[in-house]
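Sharing a structure below in structure tokens format, with a few things to ask.
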Amino acid sequence: MRLRTSCDLKFEIFEPTPFILMLRPRSGSQQWVEREEYKITPSTPVFEFTDNYGNLCQRLIAQPGMFSISTSSDVVTSNFIDQGFGAPFIEIQNLPDAVLSYLLPSRYCESDCFNEMGAAITEGQLMGYNQVAAITSWLRENIEYLPGSNNEPLSAIQVNNRQFGVCRDLAHLGIALCRSLSIPARIVVGYLYNLEPMDMHAWFEAYIGNRWYTFDATQIDSPGGYVVLGFGRDAADVAIFNQFGPSVFPVEHLVKVKECP
Amino acid sequence: MRLRTSCDLKFEIFEPTPFILMLRPRSGSQQWVEREEYKITPSTPVFEFTDNYGNLCQRLIAQPGMFSISTSSDVVTSNFIDQGFGAPFIEIQNLPDAVLSYLLPSRYCESDCFNEMGAAITEGQLMGYNQVAAITSWLRENIEYLPGSNNEPLSAIQVNNRQFGVCRDLAHLGIALCRSLSIPARIVVGYLYNLEPMDMHAWFEAYIGNRWYTFDATQIDSPGGYVVLGFGRDAADVAIFNQFGPSVFPVEHLVKVKECP
Amino acid sequence: MRLRTSCDLKFEIFEPTPFILMLRPRSGSQQWVEREEYKITPSTPVFEFTDNYGNLCQRLIAQPGMFSISTSSDVVTSNFIDQGFGAPFIEIQNLPDAVLSYLLPSRYCESDCFNEMGAAITEGQLMGYNQVAAITSWLRENIEYLPGSNNEPLSAIQVNNRQFGVCRDLAHLGIALCRSLSIPARIVVGYLYNLEPMDMHAWFEAYIGNRWYTFDATQIDSPGGYVVLGFGRDAADVAIFNQFGPSVFPVEHLVKVKECP
Amino acid sequence: MRLRTSCDLKFEIFEPTPFILMLRPRSGSQQWVEREEYKITPSTPVFEFTDNYGNLCQRLIAQPGMFSISTSSDVVTSNFIDQGFGAPFIEIQNLPDAVLSYLLPSRYCESDCFNEMGAAITEGQLMGYNQVAAITSWLRENIEYLPGSNNEPLSAIQVNNRQFGVCRDLAHLGIALCRSLSIPARIVVGYLYNLEPMDMHAWFEAYIGNRWYTFDATQIDSPGGYVVLGFGRDAADVAIFNQFGPSVFPVEHLVKVKECP
């Protein structure tokens, strides 16, 4: 599947405002970026760097006035996400070093508080993929997916209390439950083909059977059409924009995902 | 000042238990490790790796029975920590890339919730070192340092509610307040000469005037004699031991810090 | 200056052949990639990774038959390269850690053999930028720039003996001479606007006055219009394609650099 | 086997001289450092960093006068190096990213010039470990191991011409031959128990069957007792000391390796 994504953001800036953006998809084992555009208006010096998780991040200072970011990409991605029922739990001692940090609790995934709940939800399951599949089913049945229900990320504890949340919030609870079982898990932000309503999206991955698998509790079945922008421990690591100083919110914000013509 | 530190841990293990340890001090700009010992009994295969924050971590699987770790080091460190009143706030755009992740909220430092409190505590202060000094003074006056008061880390929000905590908890609140002002801050674990009662210790550092400065709200004045074991966003990153599976606690745990003979 | 670059390569492949490519420009402090295309025909799984020098590399296995790579980009770059006459030599002890490896001899830059020659060429020069400017002038006057004169990289010693070479070879000698004076130096591959004859290009950078400066002994004066694809110690690190197994050479190879419309 | 190593270096310094040292063994999958000492006289500020290859390096400026470095360690290492006859060649596309740079030619390993010779020496061998074993046997039979025969490293081409060299030189030729067959290979410096005459030692590793194997053409059979100080592409990367400015050589240099009492 070749998808054409676009994300346009427009801000009204009142004083020089530093931004860190994460809007450049990166080719990896899961996707190939065939075309990409990234325009900033007015033209502004930008520095790009790679963060601890391998994401490409763009730093700049927006000057007062209208400030807009316009990105677009053509990405080759899979029609169907891989499923791996039966893929085994990897013992801590056999995990790659680089995966270990995804076992630790983080800002929005207080995995240290979910030991009992994680065990209860996955009772009787084969260790590994089937446990995470059980967590995902549980989320679908018990936490309502309410796009637009809040702006600030909810932590796993908060989502569990409220019983609803946006895609990112459901991912937080899924990740916390995985980590409580010593399964490394990370958040992913990006785009999803046919998402309703269309917007940026977030889901999670769990490390099982020596690879990362995709899970998304907001979708009934598991089609493909995912385009990754970034990975992290939770939403704190993968804001598509982090802005410093007095808050500014996009006055326009438009996301599109279509099949490439 | 040349300090001789030691940390001995003894566990009773009931089933094979993976551990990740962070007990090897590393030489850097702040300290020089002249001698070091690290013994594990019974002898066990250990793999060492470097985490995202530059810490040396040791992975192993403890087998059932008594399991003990005995570490010791001679470290050259400063008699007095550097103070830097007047050292300026560094604008986000001028921070080194590697420092940026210390601006983000983390598991135990919900900096996103402290904007108003951070501003209030530092009102009228020169931006930079003086703000962090004001935060540290505020912690000394308002949060009671109660060694041994709890085992599990408290997050900044929790410490702020309870008004007391162990060294690590005070550091969490200090870090969250710094980050709320866009000052990068990180936790440090290690040893402190003359700490009362003697134990592992935790404090924090803030990035000001293009370098890291040490702050410790648990000590009235600011002597030196600090030995660093590791750095991280908060306690989740710098557990001196992370253990996976059914919990085991040290049956013995002895820390000593003396001047080298 | 907004440049539109393209590089098209076509190979005839006789057996499955692993490639590592370095054809994706990366945004950094020197350039901003506004648009980029990277097409591989026939469609082939590609894995992208970052090497030790921060370059984006693409791995794939070309299957028998015609195999073509077509890349294109719009890059915002400077009209004029920065000059820094008087910029000072940085003492080894003050160099950033990440720069130190560019002091060591490497495959094609046997800097350990150029101590006397480096000293002679730069005699009487202010230490730093002026030394490297003197080296570059010396190269212009003494080594003939002969595009297309050889396919295999020449090492600094070989170039110095033959007194001619392609852009890459002149860069090797310049780098070796810089390193012989303890000035960190690295090769850069990419594109140059108005290069005659048009092709991929190589030049070098030296670290002086706390930053990297661009030097190009193949050009009389120093216009801008450089687009960077990758950095490395020498040509061994920055092949735009490394191919393994029986040698295959492009049957077609077309490079274009124009101003963006 | 528990080995006690020591290396003492003494220099007479005439002007402030920057050094980069690589004298701290690091625990890894192959060895465990139980005790370590690292003393510098007179006391001098030292900064430690990790290089591109994962080695711990120490930077300092030696002041005029006598300058001595005294290091010692107790290391648990294997009695016998692993042999892996039959371990398979790993196709380029299946190599970990971090291993790829060990396929490239480097300062002293001009692997690009050894394609025919590498093929000839390994003719008829099973691809993988057996090829490297054949290379090592060939080195033992054809290149004389002459400790102390030269101070400056010889490149693979030079060793092949002279037909003799020190340990490091034999390793260079071994590495170049491996890389000519697309087998990743790296130099290792450290200590060897019972080496005759005792001194620092160098050998090489090749990546086969998804792990690194040890090869040492200077020893008839392959006992164990190796202690690793550092890894690199060749001797340019792993000097136990790199010194900048007018050359200084150790006036004293004493290496010992014994079994721990």
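We just call them A, B, C and D in the order they show up, numbering each chain from 1.
Quick note on the criterion: contacts are C-beta pairs under 8 Å (C-beta built on N, C-alpha and C of every residue); 3 or more make two chains touch, one makes a residue touch a chain.
Being a predicted model, the structure only gives us computed values, none of them experimental.
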Shortest contact path, chain A to chain D, counted in steps: 2
Touching chain C and also chain D, the following chains: none
Taking each chain's C-alpha mean as its centre, the one farthest from chain C: B
Interchain centroid distance [CA atoms averaged], chain B/chain D, Å: 36
For chain A paired with chain B, centre-to-centre distance based on mean C-alpha positions, whole Å: 29
Inter-centroid spacing, chain C versus chain B (mean Cα positions, whole Å): 43
Residue list for chain A, restricted to those that touch at least two other chains: none
Which pairs of chains touch, using the document's own definition: A-B, A-C, B-D, C-D
For the chain D and chain B complex, residues of the former touching the latter: 24, 26-29, 32-40, 43, 45-48, 50, 54, 56, 58, 76
Chain C residues touching chain D - in the complex, by the definition given at the top: 18, 20, 49, 51-52, 57, 59-61, 91-93, 97, 100-101, 103-107, 109-110, 112, 152, 182, 236-237, 242, 244-245
